[in-house]
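Each of the next two complexes has chain A plus one more chain, namely chain B in the first and chain C in the second.
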Partner chain A sequence: MTSESTNVGALPRARSCAVLTHEGGLHARPAIKLTQLAKRFESTVWIALAEQGPWTDAKSIARVMAMKTPHMATLYFVAEGEDADAATAALVNLVESDFADDDNGR
Partner chain B sequence: MSKNVGIVIVSHSPDVAKGAADMVRQMVGTNVPLAWCGGNPGGGLGTSVEAIVRSLDLAWSDAGVVIMVDMGGAETNSEMAIEMVPEKRRPKIVVCNGPIVEGAVMAATESSSGATLDRVRRAAEELYAR
Partner chain C sequence: MDGDTTAVICLRGTSVSPGLARGPLIVVADDTHSASREPGSAEEESARMHAAIAAASVELEALMERAGDDDAQTILAFQVAMLADPVVAEPAFAAIGRGDSAEDGWHAAMRLQISQYHEADDLYFRARASDLRDMRDRVLRKLNGAAATPIAPGSIVVAADLPPSRFLEIAWDGGGVALTHGSPNSHVAMLARARGVPMLIGVEDADLRGHSEAIIDTDNAVLVLSPDDKLAVDFASRQQGAEILRAEAARYLHVAAATANGERVEVLINVADAAELDAFDPACCDGIGLVRTELLLRDANDIASEERQYQLYCRILRWADGRPVTMRTLDAGGDKPIAGYTIGGEANPFLGMRGLRLSLLHPDVFITQLRALARAALQGPLKIMVPMVTSPREFDRARALLDGAVVALRKQDIGCARPELGMMVEVPAAALAIDLFEAEFFSIGSNDLIQYVTASGRDSTPLAPLQDPLQPAVLRLIREVVQRADAQGIPVSLCGDMASDVRCIPALLSVGLRCLSVAPPAVARVKAAIARHRVSEPKA
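Coming up: the complex of A and B.
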């Protein structure tokens, strides 16, 4: 995991990345978990497969699934908002924990 | 009663409706009101207005309910069912134009985070909107 925070303009912005070790890549179930987690934060959250984008709305289940992210891809996250740091950290934790079940409304 | 938007799945086949509901439960979880119906009263393929009305009641939420349908009669019977529920509920029920399985899972994913009826409908319809 790498993480950095900057404060450009009004809203805090944070970045992070993690390698998708989950077998089968970001298929339906992990994509749903990732989206549900992203939605817990007020910040706008984007996800990409490369550091320079293109960026996808991490709160859109249809768009996250459409990325068809393969096993061992690196996922990049950017969040912008008051809880940006917490959002990017939580998303990396989800990916690195292999999408372990938590209390995510299940 | 859940504050999350409910999902009703209406298919001509009870197996399809139940299977789509199983996917919602296993993939998204249990914090979304969910009901399904399918088949005609004689045990064949078809949809029943009465069964849809019951499902709307089971999955009711004050935040509203979206209906996912497969084809033809499922949609027209769902519209008839909406006319049979209490009048004040009708504006909060929408039939979605999306794929029944993927649409139900995506609508439930959106609903599970407390999204509004309109956002849940848009999630259900996003795959057809492209």
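Coming up: the complex of A and C.
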């Protein structure tokens, strides 16, 4: 995982990335978990398969599934909002824990 | 029987979930079309749209509560999440704003979603298109007020295709499914296997009017309409027998196979799709005796991509966890065309360009596969098997291409190992002259061997009686191959349907085979059949 935080504009902004080791790729089950987790944060959260984007709304299951992310792809996250740091950290943790059923997952 | 005089009809299909079922026949038709109506005002249509989506969500959530297993819940959770995502319905509301009906708007919105999946390279994502059609149709039924056809428990359901959420609504209780379309990789096939509901796909079309009862028999891959008394009695006794055998076989699943007098027999599995491995514990088998790579690799993209193939092969080797895995190179042609690769328009494709013949015609494609296999061989004991070999010269050419691919990889400093190279024995010319082939192992492909020995096509129903695997001609030829291979110290196995057919096990053991590769669901019953058999003389 790598991450950085900046605060240039009005809202805090955080970036991070993680490798999708989940077998098969970002299938329905992990994609649902990812969007549900993203929705728990106030921040706007974006996801991409490359550092330069294109960026996708990480709170939309339709958009996240349509990325058709394969196994071993690198997922990049950007969040913008008061809880941006916490959002990117949580998403990276979810991906790196292989979408484990730990906390209040569903 | 109920005394009606409707004639018995047998319709052939392909079995994707095993079992026997008998019950009332229910035909599920497409119920999403409604009479066209004038759209109401934008406000009215928008309210109808909201209400239909909400009602569909409520139904799906109720189904989720009852679904029980993880796979079913994920299928339903995906639809619930999609319905809750404003991105999905947005184009529908936009169209309604322009004066469209809610139905037209929803169709357009779903077309947009579905189009993102049905052309996907990855099979998993491609299969999501059917989940989305399922979701689309549920909302359409809510819009037009149609109730889904009610289905009594224990019914035999016949449909073009059955969406997963419909499947989950039905109390199967001994019933079964016959689809005129369908795919073995679809969610509904997976659910049927997981729940033990017998299922056929690709069933012949027929006029079903007038029939009220049906039998699904996946042993013979037939849907029988209006069975007569004789068929019904036969069915009942087979169902009872199957029940007893299943209970007995389950005891053998986790034990290494051995005959009644303690001679060890290796039982491996045949694999067509990496996904089917997830449901099978590798500890229950001695490895994989046949990976049908032509079914693993679906299209021209897969065939051209060394990297994609390498990933697929590595995944299978990781699953096997140190057990041997025999990968068969592309066996396309015959009844398995691949666009842009196989030759179209052959008068007799089973006697034409297929298997190794095609590979030697397209050496670039063959070398790509050999490179991916040699690289994957670093992950575990991988063997390569070539199909449809007729003459020793063809096999020598395959070996030269493999050796060349390994040398090229080493020159490029790409990690690889030289896998053992063996061949399928399925052409009579090869079987009769087996001692002339310098292969490192042999595997008898009984399906093709039988069709070529008996000169009767595998796809021909009226010729089926000629294709009895237990006839002397076939058994003598198999015995000949096994004895010659044994004399030369070359391992030999059998990987055709014959090995999964428990009636054939005593004969296969008596002709000297000690290694069988079978369909995963057959492992327990094959091991049980081996345990019942006493080998009369020690194998010399």
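By definition in this document, the second predicted complex is superposed on the first by the 102 of 106 C-alpha atoms of A that agree within 3 Å, B and C clash if a C-alpha of one lies under 4 Å from a C-alpha of the other, contacts with A are read in each partner's own complex, and residues count from 1 in each chain.
We adopt the following convention: a residue touches a chain if its C-beta (ideal position, glycine included) is under 8 Å from a C-beta of that chain, and two chains touch if they have at least 3 such contacts.
Predicted model only: the values in this text are computed from it and were never measured.
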- prompt: Between chain B (first) and chain C (second), which, if any, makes contact with A:R40: first, second, both or neither?
  reply: first
Task: In the overlay, answer first, second, both or neither for which of chain B and chain C A:D57 touches.
output: second
Query: When the two structures are laid over each other on chain A, which of chain B and chain C touches more residues of chain A?
result: C
Message: If we overlay the two complexes on their shared chain A, which of chain B and chain C does A:R29 touch? Say first, second, both or neither.
response: both
Message: Looking at A:H71 after the superposition, I want to know if it touches chain B, chain C, both of them or none. Which is it: first, second, both, neither?
response: second
Which superposed partner A:N93 touches (first chain B, second chain C, both, neither): neither
Task: Mind sorting out which residues of chain A both chain B and chain C touch, each in its own complex?
output: 28-29, 32, 35-36, 60-63
Interface residues, chain C side, partner chain A - complex: 74-75, 77-78, 81-82, 84-88, 113, 116-117, 120, 122, 124-125, 128, 131, 311, 315
Query: Once bound in the complex, which stretches of chain A touch chain C?
result: 23-25, 27-29, 32, 35-36, 57, 60-63, 65-66, 68, 70-71
- prompt: Tell me, which parts of chain A touch chain B in their complex?
  reply: 28-29, 32, 35-36, 39-40, 60-63, 104-106
Chain B residues touching chain A - in the complex, by the definition given at the top: 27-31, 105-106, 109-110, 112-113, 115, 123, 126-127
